[in-house]
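So that you can tell them apart, the chains are marked A, B and C in the order they are listed, and the count of residues begins at 1 in each.
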Amino acid sequence: MADQRAIGSRRGLRPALPLLLPAYLWLTVAIFLPLSAMVFFSFMTDLPLAGKEWAFTLGNYAAFFSQSLYSTLLFASLRLGLEVTLWCIVIGYPAAYVLAKVLKGRSREAIFLLVILPFWSNGLVRIFSWAMVLREGGILDTALNAVLPFKINIDLMYSYPAVIIGLVHSYVPYMVLTCYLTLQAIDDSLIEAGRSLGASRRQVLWRVIIPLSMPGLIAGAALIFVPVVGSFMEPRILGGRTGTFYGTVIEDQFVAVFNWPLGAALSFILLAVVLIILALAAPVLRRAA
Amino acid sequence: MATTRVLEWLGRFYIVLLLGFLYLPIVIMAAMSFNASPFYQLPFEWTTDWYISLWQNDQLIAATWNSIEIAIITTLISTALGSMASLALYRYEFRGKKFLQALLFPPIAIPWLITGTAMLIFFFGVGIGRGLIAILLGHVALALPYVIVVVSARLQTFAPELEEAARSLGANQWQVTMRVTLPWIMPGVIAGGLFAFAVSFDQFVVSYFLSTPGQTTLPVEIYAAIRKGFTPEINAVSTIIIVVSMALMLLTARFFKFGGEK
Amino acid sequence: MAGVQVANVSRSFGAHKALDNVSIDFADGGFYALLGPSGSGKTTLLRQIAGFDFPDAGRIAIGGESVERVPVEKRRIGMVFQNYALFPNMSVADNVAFGLSVRGEAKATIATEVQRALDLVQLGKLGGRKPHQLSGGQRQRVALARAIVTKPRVLLLDEPLGALDKALRVDMQIELKRIQREIGITTIFVTHDQEEALTMSDRIGILRDGRLVQEGPPEEIYDRPQSEFAATFLGDANIFRGNATGTGIRLPDGTTIAASTGASVPAGVKASCAVRPERIRISTSAAKPDPADANTLTGQVSKRIFAGNNSTYFVERDGQTLKVIVQNTGAERLAEGQSVVLSWSPDSTVLIA
C-alpha cells in the first residue's frame, strides 16, 4: 500500500515540469550543449566565426594518433592519476579506519570535519601553499637543515614529486570521506565475530573489513582519478617545466596557441577516457550512494 | 588487550600526522603573509604591510568584488532553481525521473577542465562570449547539482503525509509549499546555498577559461599573479580566501551532516 | 454535515485493481468502519473520498454534490492520518489553526475556534507545546482537533489508533466516539482491527481485493455473514462445506447440518455453513445434549487454551479442527484427548451460498 500512497494523483511529468524546467534548461545551456558543441568543433578545421573558412575534418583526431606527443602525455596523465590515487588510498584508508572504528563520539565528529574541511577550501590556494613549503630556501629546506647536522639541499619545487604531493594533499580528504562512510556502516559485531572465530587481526582486516569497504575505496578512487587526469593548474604551479601533462596541453590550446578545434578534440578524448572509467566504476558508485 | 591500546594510540597519532600534512602548508602560507621579508626570508618579522598593499591593489579588489557578486548571484539562482527541481523530483512520479537524476552526475564528475573548455567554445559560438555573464552561467550550472543533491537528501526525511494533511485542511499548492514543506527543508536549502556559494567563490578552472582581462574573478587573478612570481601579497589574499571558505564550510556543517550520522 | 455516496467506483494502479466497482452509501451523521486486510483497497477508497486520488470510473458525492474530480483542498473534509502528520515546525495551537488560517479567517475567530477545538479534545492547556513534546495519545487528539476545527462535511480517519498501545487505544475509542456524537459528523474510519470496527461503528463495510464483500450494521454482519471471508474475517467461525439440502447442508461423510439463517440455496448445490465458536456447546459423550440443539457432532479434544474468563477447545473431527469457546463457569474442564459431543442450534448456523 505504501507505493500506492506515493503514486496517488502525483503522477505524470506535466505538473512537475514548471518546477524542473528552469534548473534543467540551465544545465542544458551551460553543460550539455557545450559538451555537444565541443564534439562538433573537434571535427572542424577552424572556428566558424567572423567569416573564417572552415570545413569538416578528422585532422584533429589524426593529430592525436599521429603525433606521439599527445598520447605520451595522456599516458603520463593517466600514470599521474594512478600514482596519486594509490597514495591517497595508502594515506587515506588508515585514517578513515581510525576515524570510523577507533575514535568515538564528539571527538570523532570534530576530527572528521577537520579532515574534510580543507577539501572545501580553495584548491588553487592550497597548491600555492605547497609552493611555499617546497621551494628552495623554503620552510621544509630551512627546517630540515636546522635539525640535521649535515647540509642537505631540499629543492622539490618544480619536480614530479612536488606535483604528486600537491595533488595528494588536494584529494586525500575525498578518500577519507568515502572510505569512512562505508567503514562506519560495518557493524562492529562483524569484526568481533571474526575475532571470536579465531581470525587474527590481520585476517579480519583482509577478509572482512577491506572487502566490505571496497565500495568506498572504489568510489574514492574514481572520484580522485578522474579530476587528477584532467588537472593542469597543479602541474603548472608545482611542476614548472617538468609539469607538462595532458591537461596543460589542452589549456595551451585554449589560452596560448588558440587552436580550439585541436583543444576540443583533445578534451573530447579525455572525456571519453573519463566516461569509460566512470562507467566501469558506476555499479560500485551506485551501490555506495 | 595491551596491543589493542597501543594500536589505538598509534591510530590517534597517525590522525595527528595527517592533520599536520593537511594544515601545515596552509598555516605556513598564512604565516608568511605576516612576514616582513618580500622574499620569505626568515627570521620571522611581524607586519601587516602586505594586507595594506593588498587594499591598494585596485585590480585585486575589483576581482574580489566580482567574485563576491558572482558567488551571491550564483547562490540565489541555484538555490531557487535547485530547490524547485528537488521538490519536483520528490513529489512526482514520472517516466525518465531516474534519467533526470542521473544527469546531475556529469557536471560534478567530469573534470572542470573539460566543462570549462566546452563552455568557452559554446559561449563563443552562440555569441555570449567570455566575461562575467559567461562565468555566472557556468557557476550556476556547476552549483545546481550540489544544491539538488543536498536539498533532496533533506527531503528524504520529510513525511509526505504532512503535505497531504495540509491539503486536506484546504491549503493550496503554494500554501502547502511555503508553510509546511519549505520550513522543514530549510536547513537543507541553507546548506545547499552555502555549498553553492563555496563552489562559486572557490571556482578557478571554469572562471579561468571564461574570463577576460577586466572581467575576472579573484582565483583567476591569483593564478596570474602566481605565474608571474610569488609575493607575500598573494599569501595575504590567499589567507583571506581560505579563512572565508573554511568559515563558510564550518557554517554549512552546522546545517548538513557530511558523515551521514544521526 | 453531509452524507457520502460512493457509486461504482473503480481504480487501478497498472494491472492491479485496487478498487473494483465499489458502491457504499454513508448516511449523514453515521460512523462507518471500512474493514479489510492490508491490500484490500480500504485505504485507496478513503483516499478517493478524501480527494488525494481520483477514480478511473464511478461517482463520489458529498452532500449530494459530485466531487470525484474535485481536488482534496476544495472538498471540505477533515482527515486524521495514521501517524497523525502534525506539522513539526508549528505549535499545537498553530497546527489546529492551520486549516482556518489558510482560509484567511480573522485572527480573533481563529483563536476562539482553536481553543474550542482543543477544549473538545481536552487539551485546552497544551496549545503552546510543540508536537514532539506530546505523548502519542495527545498527538492523536491534536490531529483530531485540527481535522474538525474547520467544520468539515466528513471526517476521514486512516487507522488513527494503529500507533497507540492497547490500553490507550481503548480509551481513545471511547473518546473518539464521544466527540463524533457531540458534533454529529459523518465519519469514515479505515481499520484492519475487527474489534475496533465492531465496538465503534454504526455500520461496517468489509473489503477484499478491491471489492465490497458485505456492508451493514456490526450485529448483522456478525450474525449473518454472507461469505466465508466475512464470517472468518469479522470474528471467528467454524466453516462446514457440503451440498445444500434445502434446510441446511450435507457433509461429505453424510452428516447433515441444519441451518435456519442465511442465504437460501437450492438443494444439491455446493454450499457452506458458518457457526461461531461461542454458540457451540461441548459436553462429554455421556451427557445428553439440549433438545433445541438439532446439530450434533462427535470429536476429540486435541488442545485446550485457558484464557481466564473463557477456554478455547480445539476439537478434531473427520480431519477438520473445530473451535469451541466456553465461558469459565467453574464447571468441569475437559481434558485433551477426551471424546466429546458438540451441539448447537440451527438458529446459530448461517447458510452461505
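Some points to look at:
The rule is short, and it goes like this: a contact is a pair of C-beta atoms (placed from the backbone, for glycine too) under 8 Å apart; a residue touches a chain by one contact, two chains touch by 3 or more.
Note that this is a predicted model, so its numbers are computed, not measured.
Among the remaining chains, those touching chain A and also chain C are B. Compared on C-beta pairs in contact, A-B and B-C come out with A-B as the pair having more. Greatest centre-to-centre distance from chain C is found for A, with centres as Cα means.
If each chain is reduced to the centroid of its CA atoms, chain A and chain C end up 60 Å from each other. The distance from the centre of chain A to the centre of chain B, with each centre set as the mean of the Cα atoms, comes to 16 Å.
Between the Cα centres of chain B and chain C there is a gap of 56 Å. Shown for chain C are the residues in touch with two or more other chains, namely 52, 71. Annotation for chain A: residues touching 2 or more other chains are 5, 7. Only residues 50, 52, 71-74, 76-79, 81-83, 85-89, 98-99, 102-103, 146-147, 150, 156 of chain C touch chain B when the two sit together in their complex. Across the complex, chain C is touched by residues 159, 161-162, 164-172, 175, 179-180, 183-184 of chain B.
Remark: chain A residues 5-7, 10-13, 15-17, 19-20, 22-24, 26-27, 29-35, 37-38, 41, 47-49, 91, 94-95, 97-99, 102-103, 109, 111-118, 120-126, 128-133, 137-139, 142, 169, 172-173, 177, 180-181, 184, 223, 226-227, 229-233, 236-237, 247, 250-251, 254-255, 260, 263-264, 267, 270-271, 274, 278 touch chain B in the complex. Chain B makes touch with chain A in their complex at residues 8, 11-12, 14-15, 18-19, 21-26, 28-29, 32, 40, 42, 77, 81-82, 84-85, 87-89, 91-96, 100, 103-104, 106-107, 109-115, 117-125, 137-138, 140-141, 144-145, 148, 160, 198, 201-202, 204-205, 208-209, 219, 222-223, 226-227, 230, 234-235, 238, 241-242, 245-246, 248-250, 252-253, 258-261.
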